[in-house]
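This report concerns only the one structure given below.
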């Protein structure tokens, strides 16, 4: 198929490459020109602006918007909607908030434009492993785009089939699903990232406990100095907690068991936060996912005002003097 | 009554004072001599060592041990048990682990010595407000000691009577209870401290949210610069969350709303930890009490190894580079 | 002053009574007529609808809206705004989301109407104890309303003055504050309720641990059957964790230590949820406040789908069969 | 090698089978005779009691104890120690608390007996996939046992090598490690299980949020009815959160997306609890691992006493009446 891709960051550029490898024609655009030129050398069709892209896509155009933030995505979609023709399809493949998808789909529907949201997982590994995609939008439109998704997805690969699975629809087994109407794709991707935070924090706490088993807080005969790279490695093999995140941990630890190259000030994107909002709207208890998010907040902070208030109270009732500033 | 008090730190010394004000004769001992001399000037009977105290207490001696840590308490009790006569009573008024009480009571019972554990709350304010006491031990022994407890406790004071209360035993209303057999006193005190951590952390998080409402993370028209001393003050008056800890917070904030004198590296004594152990032994979910304890651990730490592992994983799957060290 | 009060539920009716006791003239309205008639007997001026209230308030009218939910509050404010004259003041004394206040104040400002939001704590006890109020709005308007707030607030009462406090503004000490521009009142009240959830949950977990110290999960010689009404009572007296919520707990336990009259399915109003949203917007870790909220969600639920998934995984890797349904 | 295995439950029996397949001679014993007879048919050497096993093992005997609980393991080890000869080796392959290992190793050392603890992961899948083993004990003894471990472990298999790994010791890559002195094996296994609880709970919360996206608590146009079996499947393929636990979840969901066969009352073994104890001893914040454990406690409980206290407090301050019992 022919498709335009707007936004050629790490994810966007690799998506273009994987599409081209799959035989699709890709018109590309980016705010700064370098990635456009680079991909043009690899076979993509360069475009100077969105109007130029429109001309190069022709009728029944498909736009894949792959931009980092909500505001710039909204602007871009508005610009496309300003000139698009009925039947054109706009795909948001970024990390939009799913309620924005619901709103956009309604607005575009009024102009006879189709909107599809695609939550895309795969990170820097997607070009090689394929992208896991969670898609929201109308049935007919999602079906029309199937060749695109089939190319981007990992495909069956050599992953063992799930026992007991006999669903008629094999898209999930090839690495993409049509999750529901507009918004459903990003909603499922959002929860995916919420879970990701929880999984990561579970490993983080466990390795912290292993590391600190050598701590001087412990009686001498209860201390162990453990080999964390070896532990991560052995858990990859036959244990209940093997996972891709553990593979990555093992790789990082193999390079430097002390992790001295990392400062541990951990960013979070909106998805963790939105997942907690969704949990609260549904009255679902989500202690683990919240705690994972909060650990990141705290990692980026010095001692908090709240902690100082604890010190102040302790001084108040017990005369406890904390280590002076 | 006549009683020996061993350990004249802040709590111990004030307990001696309150006992003397109540007309009791108090023999005192301390590792370093200064507090002994000071209290002797105020009317206490100095003793040079435990044997000397024994001589000065005479028959049916009562020893109140008020020492900071488990190990030194055990040593002291062992030393007393070595020379004590049947019918002597040893009281541990410190913060012992209740399972140590159970063990000690058994061992002393075999020597016809009585053991009583007293969980004592009141901090530096106890001399003035009285001590809230939770007592474990045999009925007869606790009854024999009643004049001691009645003196140390706050008494009715001007605290409003609890509606609907018509218990025959008015000791709770005077500020002390006989909680159960040996260990029960410290167990109740331990849970008291566990709750204390939870309450403190609830205020800490709330004030943190108030403080950060001026944060640049927020859109400008959603920022407020709030007067935290005033807020603490107003909540003392008619609000649902008024409490003694809030009174202390209001006082600290009245002095310095920025709390600049505190570094927020918050210590914890064993009770919070033991409370969580008890919760786990009983299969009671205790998310709030655990989170309060963990916040203290984290407050004393730089970025943890676990946080570095999070950074390492993020780099692994997304190529995210954290702010370099 | 003369003031109209719309919404005569438990809170609204008592606010009217306290205002009348303070010498204010109060015009009242309510969807159902009974509370209007009842308050009219006590001296209030009945009104049949908002237009009638307007007529009875005359110029420079002040409307205090005291309705339970956001939607109906919005409708009512819109209706008032439809007929109000420049300089009229609309107060929302309910539990609105503070971002709604910011929005409303802007909209009303465009019509030269003033908007004030009042977070009101005090529950069923407010008539007697006075209401603790957190107020948002323009300085001049809040000042104009001062006689109203001064009447509703508890006043100095017999609460001990905070040591070290020498603020020029004594409103906080009389039980109300002007927290900031529109929205600030409800924001502070929202965080107040968030803290309230945390405090309540800390006590709940503590008492759960005390209660289950008699559990058969424990070795027989480590079980205690504790007197929970007495423990709540004694903690009111000289302990670090005394509070108004503990007073209420002691009262409930004095009536029935088993709490058999309560089923423990605990509702939550929006404030706990919004407090967590605010924490996330500010990147403040709030584990305790979140856990308190989640405990309420879980209390209202049967075994969750997530728990079933845990069972399913355990069966998958270990062949563990849970107790059958 | 020749080895005795005591305890032929699911794990023990499969360990025997995998050892026999690897060419080892295995003498077996079990409290009830059926598993002994069954394994004898498959080639194992039956023994009637431990003395009989001793006779059949001959000199330099190796005993692998594979029993479910601490008490019976201690008894069995004591019995073996009663008749064993210097140089005999006792292995505990069960889920002992690592401090018991430290204690046992000391006691056996005094009798010139060697003790090795093996934390074994693999569940019902171990026979097929191999067992991931974490081993504690003296170097020389662990080396002597290497043929046993090499057989039981998964071996390289087709798992991709960790990038950057160039450790001289390839045991971790074959699925077992010598973690340190006695106790270190079970300690690492304990943390493994703590992490396992955290991972499981992260998935559980995420799927709960997906499931409840159809809840009537939400506005109609924000509800999605999601296909959970498909979501689990697609996440196995190229997503960041793929893992073996997700594979198991996908399999369970493929069979029944409603999970109606499970009641969600989730058991916990000691490891989760001990992991939290270790975290507290080391002052490591472990909110996620704690929350995962607590979710299991709550899943097995009706409404708690603590929740009733929340209801009672709410009734106290707000007159809130919960849904009656």
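The letters A, B, C and D name the chains in turn, as written, and every chain counts its residues from 1.
The rule is short, and it goes like this: a residue touches a chain if its C-beta (ideal position, glycine included) is under 8 Å from a C-beta of that chain, and two chains touch if they have at least 3 such contacts.
In this text the structure is predicted, and so the values were computed from the model without any measurement.
Trainee: According to the touch definition, list the chains common to the neighbour sets of chain C and chain D.
Mentor: A, B
Trainee: Over half of the interface residue numbers used by both chain B and chain C, so same, or under half, so different?
Mentor: Here the answer is same, because the shared fraction of interface numbers exceeds one half.
Trainee: Select, from A-B and A-C, the pair of chains that is joined by more C-beta pairs in contact.
Mentor: A-B
Trainee: Among all chains, whose Cα centre is located farthest from the one for chain A?
Mentor: Between chain A and every other chain, the largest centroid distance is to B.
Trainee: Can you compute the centre-to-centre distance for chain A and chain C, using the mean CA position of each chain? Integer Å is fine.
Mentor: Taking the average C-alpha coordinate of chain A and of chain C, the gap between them is 38 Å.
Trainee: Where the CA atoms of chain B average out and where those of chain C average out, how many Å apart are those spots?
Mentor: Measuring from centre to centre gives 31 Å for this pair.
Trainee: Approximately how many whole Å separate the CA-defined centres of chain A and chain B?
Mentor: 47
Trainee: Could you list which residues of chain A touch at least two other chains?
Mentor: 123, 125, 201, 203, 205, 208, 212, 240, 244-245, 251, 283-287, 291, 294-295, 298, 304, 306, 317
Trainee: What residues on chain A touch chain D, complex-wise?
Mentor: The contact residues of chain A facing chain D are 99, 102, 121-123, 125-126, 129-134, 153-154, 157, 159-160, 162-167, 169, 171-177, 179-181, 183-184, 187-188, 191-192, 194-199, 201-203, 205-206, 208-210, 212-213, 215, 217-218, 221-222, 224-227, 229-231, 233-247, 250-251, 254-255, 275, 278-279, 281-289, 291-292, 294-295.
Trainee: Name, in rising order, each residue of chain D that touches chain B in their complex.
Mentor: 240, 273, 276-277, 280, 283-287, 290-291, 293-295, 297-298, 300-301, 304, 306, 317
Trainee: For chain D, which residues count as touching chain C in their complex?
Mentor: Residues in contact with chain C: 10, 123-125, 200-201, 203-205, 207-208, 211-212, 244-245, 248-249, 251-253, 259-267, 287, 291, 295-296, 298-299, 303-320, 322-325.
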